[in-house]
Amino acid sequence: MTLVFSFFLLTLLVITAVAVVRTRNLFVAVMLLGIFSLLIAANFLLLDAADVALTEAAVGAGISTVLFLGALALTSERERTATPHRWLSLAVVVSATLVVLYATFDKPSFGDPEAPVHQHVAPWYLEKTPEAIDVPNVVTAVLASFRGYDTLGEVFVVFTAGIGVLFLLSAQHGHAAQRRPDAKDESDIGLRDDLIPRVVGRLLVPFIVLFGLYVQFHGDYGPGGGFQAGALIAAAFILFALVEGEERTLEALPFNTLLALMVSGALLYGLVGLAGVFLGGNFLDYSVLAEDPVAGQHLGILLIEAGVGLTVTGVLLVIFHAFAARDRF
Amino acid sequence: MYYVVAFATLVTMGLALIRAVLGPTVYDRVLSVNMFGTKTVLLMSVIAFLAGRPDFLDLALAYALINFIGVLAVLEFFKSRAARRAQEAAEDDAA
Amino acid sequence: MMQTVLDILSWILLTAGGAFVLVGGIGALRMPNLYTRMHAASVTDTMGAVLVLAGVMLQAGLSLATIKLAAILLFLLITSPTASYALASAAMIAGIKPDAGRAADLEDDA
Amino acid sequence: MELLGLYHYWVFAVLLMIGFYAVVAKVNLVKKLIGLSLFQSAVFLLYITMGKVTGGTAPIFQDGNVDALFSNPLPQVLILTAIVVGISTTALGLGIVVRIKEEYGSIEEHEIQERDRR
C-alpha cells in the first residue's frame, strides 16, 4: 500500500518538475521548487530514509526558498527571452531520456533484497555497528565513523562554498555602503512593522534552536546529526533576521562569530582526526580516544558531529547574510 | 484507518498541486505551498505510525516548526520590492 | 473494553479529519478568488490537523510519541495562521482587493 | 508487476532529463540553476531508491533489535551530506549570477555574450 502512495507522490513530483521548467516567472518557479522539496522529502520517508528526509526538510523548507528569493531580489523575477532552438533541445533531451530509460531495464526490480548494492559493504556496516560502535542509528555510525573521511571532505566542500560566496559577494562592501547610506535604514527593518509574524517568529526561534540541539545530540539514537541540526539552527536565525531585520541578528550573532563557527567546526573535525594519530591510531580512528574502544567511538562521533553542526550553521548563515547585505545597496 | 487519512491527504496534495500549477496569481501558488506543507506534516505523522516507527515524528515536527519561514520570506520579498519601487519612483520624480 | 472505545473514537476522529482535509483541498481548488481559497485552505490547517493528530494521539497512548504529536499540533496551530496572515498581507500590498462579487482574479505579476 | 518495479527508476530518468532540459535550453541563468537543482534531486532519488529493501525498515535499531531487515544505510549517508553540499554550491552559483547581473546588467545568456563581443 505504501508503494501506491510512493507512485502517487512520484507522479506529482514529475508534474511539479515540468511546471517548474515551463513557467517563465522565476518567482513561481521558486515556489514550485518548494513543493518539489516537500514531495521528495515525503518520498525519502517512504523509502526508509528518515535521516535524508530530515535533511531535505531542514534545508528545503526555509533556507533554499530564502536564498533563491534573495537572489531574485538582486537579479530579476522573469525570464525575459523565450527559449531559443526549443525543438532542437527537446529532441536532444528526449533522445537522452530514451537512452536512460533503456538503461533502467537492466536495473534490479525495486526493493529487491538480492540487488548487487545490498551484497557488498552495507551488510558489514549493519553487522559491525552494534559491536564496534554501539549506536542505534547506523546512518550516523557510517557517516561519522566508518566513512569519516568522506564526511570530512563534504564538510570542507561546504566550508569552501561559504568562502566562495564571501569572496563573490562581500567585494566593495564598504564602498557600496558609503554610496547609498540612506537606503540601509528603510529596508533593513524586516517585518518589524507586522506585529503577528514578529511575535510568533520571536516565540518560535528558541524552540527551533532547541529542536536543532535535540537533533544534533539525539542523532545517535534517532534521525538526526550535525548536518540536519546545522540547517535547523541556521533556519532559526534566518527567521529572526526576517522578523527583526538584519542589524539585530548581527548584534545577536556577529559576523565574526559566524566566521569563527565556520572555521572552528572544520578545525574541530580535523583535530579529532589528528588526535587519533597522536594517540597511536589511524587518522579519524576514534577507538583510541578513550580507554574503552566503544566509548572512544562515542566520544569521537559526538565531537565530529558537533564540528559538522558548527560549520554548517556558520556557512549557511554567512551565505544568507552575504545575500541580504547585497540587497540593501 | 491510517490509510483513509493518508489517502485523503494525498488527494488534497494533488488538488493543491493543480492549484499551484494553474495559478492564476503568484499568491495562489504561495497558498498551495503552504497547504502542501501542512499536508506533508499530517502525511508524515500518519506514515510514522503506519511504518510503526514513532521516531519519524521528528520530521513532522521539523516541518511544523520551520515551514512557515518560506511564507514570511515571501512577505518580506514583496514588502522590500514595494519599498524599492516606491524609492525608485521618488528618485525618478526628483530627477 | 477501554481499548475498543479508544480505537473507535480515534477512528472517528481520523475519518472526520480526513474528510475535513479533503473538503479543504476541494475548496482550495474550486473557490473563485484568492481570499476565498485561503479561507478553504485554512480548514485543512485547523480542523483537519486537529482531528487527525488527535486521532493519532489516541492510537499512540501515553508515550513520547504523544508528546511529540502534541508539540506538532501546537506549532501547527501557531504557525499556519501566521503564514495565512503573511500571505494575505503580501497579497494586499500587491493590490489584490478582497471582493466577494468578483469571480476572476488578476493575472500573475499583478 | 515486474515492470512497475521499475517505476521509481523511470521517474528518476524523467526528472533528470527535465533538469537537463532547463540547463541546456533555458537562457536565464537562475533558471539554469533551478534546473541543476532538479537534476541533483533526481540523482538523490536514484540513490535512495536503490537503497530500499522490500519489507525493510529505516536503518535505526529500535529497542536493541539488531536482527530486523533494514534498508541499505550507505546511499542514505552519501545523499544526506550531498543535500547540504548541494544547497551550499547552489548558493555559490547564485552568488556568481548576482555578480554577473551587477557587471553586465542582465542574467540572460545571449545578452551577456552580446556585451562581451562589444
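Every chain is named by a letter (A, B, C and D) in the order it is written, and numbering of its residues begins at 1.
We adopt the following convention: a residue touches a chain if its C-beta (ideal position, glycine included) is under 8 Å from a C-beta of that chain, and two chains touch if they have at least 3 such contacts.
This is a predicted model, so every value here is computed, not measured.
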> Looking at B-D and A-B, which pair shares more C-beta contacts?
Replying inline: A-B
>> Rounded to a whole Å, what is the gap between the Cα centroids of chain A and chain B?
In response: 19
> So how far apart, in whole Å, are chain C and chain D when each is placed at the average of its C-alpha atoms?
Replying inline: 30
> Could you state the distance in Å from the CA-based centre of chain A to that of chain C?
Replying inline: 28
> Can you list the chain D residues in contact with two or more other chains?
Replying inline: 57-58, 60, 62
> Can you list the chain B residues in contact with two or more other chains?
Replying inline: 13, 23, 26, 30, 32, 51, 53, 55-56, 58, 61, 65, 67, 72, 74-75, 79
> What residues in chain C touch two or more of the other chains?
Replying inline: 75, 79, 82, 86, 89, 108-109
> Of all possible chain pairs, which ones touch?
Replying inline: A-B, A-C, A-D, B-C, B-D
>> For a test of understanding, state which residues of chain A touch chain B in their complex under the given definition.
In response: 1-2, 5, 8-9, 12, 15-16, 19, 25, 27-28, 31-32, 34-35, 38-39, 41-42, 45-46, 50, 53-54, 57-58, 61-62, 65-66, 69, 72-73, 183, 186-187, 190-191, 194, 197, 201, 204, 207-208, 211, 215, 222-224, 228, 232, 235-236, 238-239, 242-243, 327
> Taking the complex as given, what residues does chain C use to touch chain A?
Replying inline: 75, 78-79, 81-82, 85-86, 89, 108-109
>> Residue numbers of chain D touching chain B in their complex, please.
In response: 57-58, 60, 62
>> Under the stated contact criterion, what part of chain C meets chain B in this complex?
In response: 10-11, 14-15, 17-19, 21-22, 24-26, 28-29, 34, 37-38, 41, 44-45, 48-49, 52-53, 55-56, 59-60, 63-65, 68-69, 71-72, 75-76, 79-80, 82-84, 86-87, 89-91, 93-94, 96, 105-110
> Once bound in the complex, which stretches of chain A touch chain C?
Replying inline: 25, 28, 77-78, 191, 194, 196-197, 200-201, 203-204, 207
